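Next, two complexes with chain A in common: one pairs it with chain B, the other with chain C.
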Partner chain A sequence: MEARTVKEIVAFCQGLFDDLDFTRAREWKAAVPGRKVIGYMPVYVPREIIHAAGMLPLGILGGGADMEVIHGDAYYQSYICRIPRSTVELAVTGRLDFVDGMLFPSICDVIRNLSGIWRILFKEKYVRYFDAPQNFREDVGGVFYSNELREFREGLEKLAGRRIADAEINASIEVYNENRLWVNRVYDFRADFPWKAPSAEVYLLMRAGMVLPPEEHTLLMREYLSAAGAQDRPMRDNCRVVLTGVFCEQPPLNLIKSLEISGCYIVDDDFLLVCRWLLEDVQADGDPIENLSRAFLLHSAQTAAKYEADMEVKGRYLIDAIRRRRADGVIFAAPSFCDPALLDQPMMISRLDALKIPYITMQYAENSGQMQPIREQSGTFADSIKLWSSS
Partner chain B sequence: MSGREVVKSNSQLVQKEMISRNYDRITDGNHKVSSTFVPGNLNELLMCFDIANNLPEINAIQNAMRKKSGDMITEAERAGHSEDVCTYVKADIGMMAKGNIAPNGKPFPNPDILLLSYTGCFTFMKWFELLREQYKCPTVMLHVPYAADGTPTRNMRDYIVRQLKEDVIPALEKVSGVRFDIDRLREYLRKSAAAEDDMVWMLESTKHRPSPIDCYFGGVYYMGPIFTAFRGTDEAIEYYRLLRLEIQERIDKGLCAQTPEGDMPEERYRLVVEGPPNWTSFRDFWHMFYESGAVVVASSYTKVGGIYDYEGFRHDPDHPLETMADYCLGVYTNRSLPTRVDMLARNIREYDADGLLINSIKSCNSFSAGQLVMMREIERITGKPAAFIETDLVDPRYFSAANVKNRLESYFQMIDQKRRLGGSSAAGV
Partner chain C sequence: MAIAIGIDVGSGVIKTALFRVDGDSAEWLARWDARIRQRDSFQLVEESLAYVLEKAGLARENVDYVATTGEGESFQGATGHFYSMTTHARGALHLNPEARAVLDIGALHGRAVLIDEKGKVLNYRMTSQCASGSGQFLENISRYLGIAQDEIGALSMKSTNPEKVSSICAVLAETDVINMVSRSIPPSDILRGIHESMAERLIKLLKSIDVKQGVVMMTGGLALDAGLVSAIQDGMEKQKMATRVATHPDSLFAGAIGAALWGAFRHRKLKALGRLPKAS
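The block that comes next holds the complex of A and B.
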């Protein structure tokens, strides 16, 4: 088969992104009788265990910019972010009817309470609030987390009607280690050649990983990298920014495009952190539960949803990203009414201020329509950075 | 509502003194001071180290009732805090910017330790991360897992106990210079349990018709000592004993609920209320109920610090660390939505209420996210009508008296209509 062009690969990813019926995942399920699909919300779940159970982990990130929310507004007040209402909309309109279980990670009280709504509305489904420790000592938080993982594994075993062997989880750990390796390569490639890997493309490529089995997603990223590497594209005089705060409710694709059009190359971000949550390979032999637990405790990304016990370390993850990616500044983009992103922001800002790193802040909803003000704001930001660095 | 004379009972006067003594203790410069949150707080443990307990939510409430919180919130927003986040946090941060003055007029000392009891609310974690930036003092986290399946698990409890042993107690020892004595803790817990029995009697006294007390507006006061710096003290035992006598007397006399304007002349509606009250217009809000003859017979807010009237929890001195873990795990906002639904539906039935009123708080995702689903579910289970109003805790910009009053009036009409028809549930307002 002839290799696909960048355009073709991106069109394929866009197709997956636009499809709110998740046809691809439905087809995966229908292909073999007895297959099961487990939905998960941001920001992290150990997909390795789901995969080892022979199930498809399916990332659910709300309804996006174009889905009309008709029922969801009856479930949520106006002062609550949009992702839970559009997620409920997906469910009550039958778009998630093929999903056998849902995981709600411990990221904030909205997702937490959404787990309860699921229990009330969809009593027949497997629902798990996926809790992770805020204590990172192996003998304290580690013990708790390993036991939580064991419970999770047992829940899936019940659903699957079979045991999940350690060897199976270890095999899945390898699959996801490989997947993360290529995710990181895509991110590195974009940081090195941002004009060759526009952020909207990278985003769509990562979104594809929410729907595809990991093995397919890995192949897709390899294909993209080789196509994008081979293609010449004009380099623009853009500044380089880290985009942060976008770890849960997603901004419209147009917002990502607008930032780059207005003069900001996104060289790092916190989109779809589940793909990059673990910062090192997980050991793929021995007790897989303990290994996954240790990886979480000792080598995982920092976000607003995680407690940082050491004030001196707070913000380091962002600052490291800025340095590693040679970014000129930061765009804080937070969903309206998002507690984690908005409460964390002043602390991050104070660290950037101390280092004189420029930044701007903006708010969005997944269905924000007006991009002109955003373009103007980020355009002015890009201009001021250029002015700054040339002076 | 100025101009209306406030009628205070004996127990209220006692409580007022207790609160002012605690503020004196916090501000006298002779005690180590901890800041920690109300839900599931570890007051007995702090007492073991002679540490004074300062609760930031209570300060925000005090400032709101004195009409000071609005300016504090504006101050915090000016300093870069988002309009969209919890106003307790902003009132606290704004209070610092405005000199950090306690209700007794003295400046609050910087805390010696921030005891981040992460119980039932995500905001808590960020709140103390933010305060830590200002105070740069030791901060110790107690992560209380969410009881998502309705019942806390063994793993959750063990995790909390381990954190207490490995992190919290050593941190408190270090700050206070006092060695931990588990027998001292047992003694305080024994006193907690003694007060808790009378406190639960108070909560259940509203089953009487007419109800002798209001368990939302009044309940806030009655729960005060047990939820704050007095659980585990003789003062708390004495307060609840006194309160019990007063309530018994009211029952004997057949009096309707006690309010700041005196006894309610008539009990026309019995309600269960979900959600915290609005504090900036607390008296006006209560007055709307008083005028209509509405009494709150049970509320989720009287379960916010810990729940005693659902599974019969009392502090158990024989299992000191475990019982504290159970207390933390049990608080209302740490419970799953189906459990909250069950609790409120049971309250409606057992307290023979006319229906459910939800006061949804703009600030608070922990309480508010999911309340519309809860409302419909409770209506379905009980067949009683429900109503939904929206206000805020301490931000005066989000209390629209006219709107709230309208909603309440139409809700009461709905209850009347339902009574006339003697039929089943009407839709929510």
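The block that comes next holds the complex of A and C.
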């Protein structure tokens, strides 16, 4: 078969992104009787266990920019972000009727409340509020998290009607280690050649990984890297920025495009952290629960979604990313009413101020439509870096 | 030495300027401008590039930096893009080194920019989405009055008894003007009234960004409207502001000039850093 071009690969990913009926996941489920699909929300769940159960992990990231929310607004107050409303809308309009279970990671109170709403609305479904430790000592948070993982495994076993063997989880750990390797390669490629891998493309490529089985997503990333590497594109005189705060409710695709059009190459971000949450390979032999637990405790990304008690360490992950990616500045983009992102921001800003690293802050909702003010803000930020800094 | 082209894609007019920059000396080799009139903007940009290159006797490969500004950010042939306040600040300073503030009034927006002696933007504010401070508004009024746009300034200067119009809303102001015409108010008094109303809004904009003294350089299409320039100066005097409004025959090109000069600056800087943009 002839290799696809970048345009064709991106069009395929765009098709998955636009499809709020999740046709691809429905087809996966329908292909073999008895298959099950487990939805999960941001920021992190151990997809390895779902995969080992023979189920498809399906990332649910709200309804996007174009979906009209009619019923969802009835479930939340006006000062709550948009992702839970549009997720409820997806569900009550039947778009998630094929999903057999839903995981709600402990990112914030709103998502925790959503797990309760789900239990009330969909009594017959498997629903789990997936709690993660905020204490990272192995004898405290480690014990708690291992128990959490075991309970999760048992829940899926009940749903699958069979045991999930350690060997199966270890095999899935290898699949996801491989997937993360290629995710990181895509991110490295974009940081080295941002004009060859525009962020909107990279984002769509990662979003495809929310719907596709991991093996297929890995092949897709390999195909994209090969095609993007071979394609000639003009390099623009843009500044290089790290985009942060976008780990839960997703900005509209147009916002990502607008940032780059306005003169900012995004060279790192915290989109879809589930793909990059674990910073090192998980050990793929021995007790997989303990290995997954240790990976979470000791080798996970330090972001707004994770508690950091030591103020000396707080912000180091972002500053390391700025240095590693040779970024000129930071764009803090937070969803409106997002407690984790907005509460983290002042702490991060104090670190950047101390190092005289330029930054701007902005807010969005997944359905933000007016991009002109955003372009003007990020564009003038790019101008100030290009003309008045040492870059 | 750097050859740089600045392209200002405005809402109504595209302006292109080609410069040869050598140290502090900037030589303006060629210029081009045209109204868009529902044509494809980027096709016009290509035409403008071909024209200025031919005029300067240069080929595309001789150009070190193509800088867009205004609404030109999606033009694929650009090396980089700068935002309008950045380029108008630099362009204004080039046209008048004493400028410490800029009033850029184009077809759809009015913008006040406070700058320092290097052209760095210190503060800026735009008119809101209302069109009553813009060139498009004046264009509509000239159509109602049945006069050519380039007659507006001279006619306004002949006014003896300016007729006050709504300074809040273009729609209301246009209704005002239609009423004035039916009341046989002379066009010169109507135009002066409109200029004074626009001047009032623009002076408020300047005050909102703390412009208190020095030269306010007018750029954009309306910088050539002598009636508006005079109304702004009179308004400043009435409000006892220690500012002086200035304009230049090439004010229309301020954005394109600024883009070209910043482009040349970036070329020099990137060359020194060993990071010149090139095709992959």
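What we mean here is this: the second predicted complex is superposed on the first by the 389 of 391 C-alpha atoms of A that agree within 3 Å, B and C clash if a C-alpha of one lies under 4 Å from a C-alpha of the other, contacts with A are read in each partner's own complex, and residues count from 1 in each chain.
We adopt the following convention: a contact is a pair of C-beta atoms (placed from the backbone, for glycine too) under 8 Å apart; a residue touches a chain by one contact, two chains touch by 3 or more.
Keep in mind it's a predicted model, so treat the numbers as computed, not measured.
Enquirer: In the superposed model built on chain A, check whether chain B and chain C fit or clash.
Expert: These partners fit in the superposed model.
Enquirer: Tell me which partner A:116 touches in the superposition: chain B (first), chain C (second), both or neither.
Expert: first
Enquirer: After superposition on the shared chain, which partner residues are touched by A:326: those of chain B (first), chain C (second), both, or neither?
Expert: Neither partner.
Enquirer: Rounding to a multiple of 10°, what is the angle at chain A's Cα centre between the Cα centres of chain B and chain C in the superposition?
Expert: After superposition on chain A, the angle is 100 degrees.
Enquirer: Is A:234 contacted by the first partner chain B, the second partner chain C, both or neither?
Expert: The answer is second: A:234 touches chain C but not chain B.
Enquirer: Is the number of chain A residues in contact higher for chain B or for chain C?
Expert: Partner with more touched residues of chain A: B.
Enquirer: Just chain B (first), just chain C (second), both, or neither: which does A:379 touch?
Expert: Only chain C; A:379 stays clear of chain B.
Enquirer: Which partner does A:304 contact after superposing on A: first (chain B), second (chain C), both, neither?
Expert: The first partner, chain B, only.
Enquirer: Give one of first, second, both or neither to describe whether A:340 is in contact with chain B, with chain C, with both, or with none.
Expert: The answer is first: A:340 touches chain B but not chain C.
Enquirer: For the overlay built on chain A, what is the smallest gap between any CA atom of chain B and any CA atom of chain C, in Å?
Expert: Superposed on chain A, the two chains' closest C-alpha atoms are separated by 19 Å.
Enquirer: Does any part of chain A touch chain B in one structure and chain C in the other, and if so which residues?
Expert: No residue sits in both footprints.
Enquirer: Taking the touch rule as given, give the residues of chain B at its contact with chain A in the complex, in rising order.
Expert: Going by the criterion above, the answer is residues 79-82, 84-86, 89, 116, 118, 121-123, 125-127, 129-130, 132-133, 136, 139, 141, 143, 145-146, 148-149, 153, 155-156, 158-159, 162-163, 166-167, 333, 336-338, 340-341, 360, 362, 365-366, 368-373, 377, 390.
Enquirer: Show which residues of chain A lie in contact with chain C when the two form their complex.
Expert: Checking each residue of chain A against chain C gives 193, 195-196, 231-238, 261-263, 375-376, 379-380, 383-384, 386-388, 391.
Enquirer: Which bits of chain C are touching chain A when the two form their complex?
Expert: Per the stated touch rule, the residues are 65, 73-74, 76, 78-83, 85-86, 120-121, 262, 265-266, 270, 273, 277-280.
Enquirer: In the complex of these two chains, what residues of chain A are touching chain B?
Expert: Residue positions touching the partner: 74-77, 79-80, 84, 106, 108-110, 112-117, 119-121, 128-129, 131, 133-135, 137, 139-141, 143-144, 147-148, 151, 304-305, 307-309, 311, 314, 334, 336-340, 342-347, 349-350, 363.
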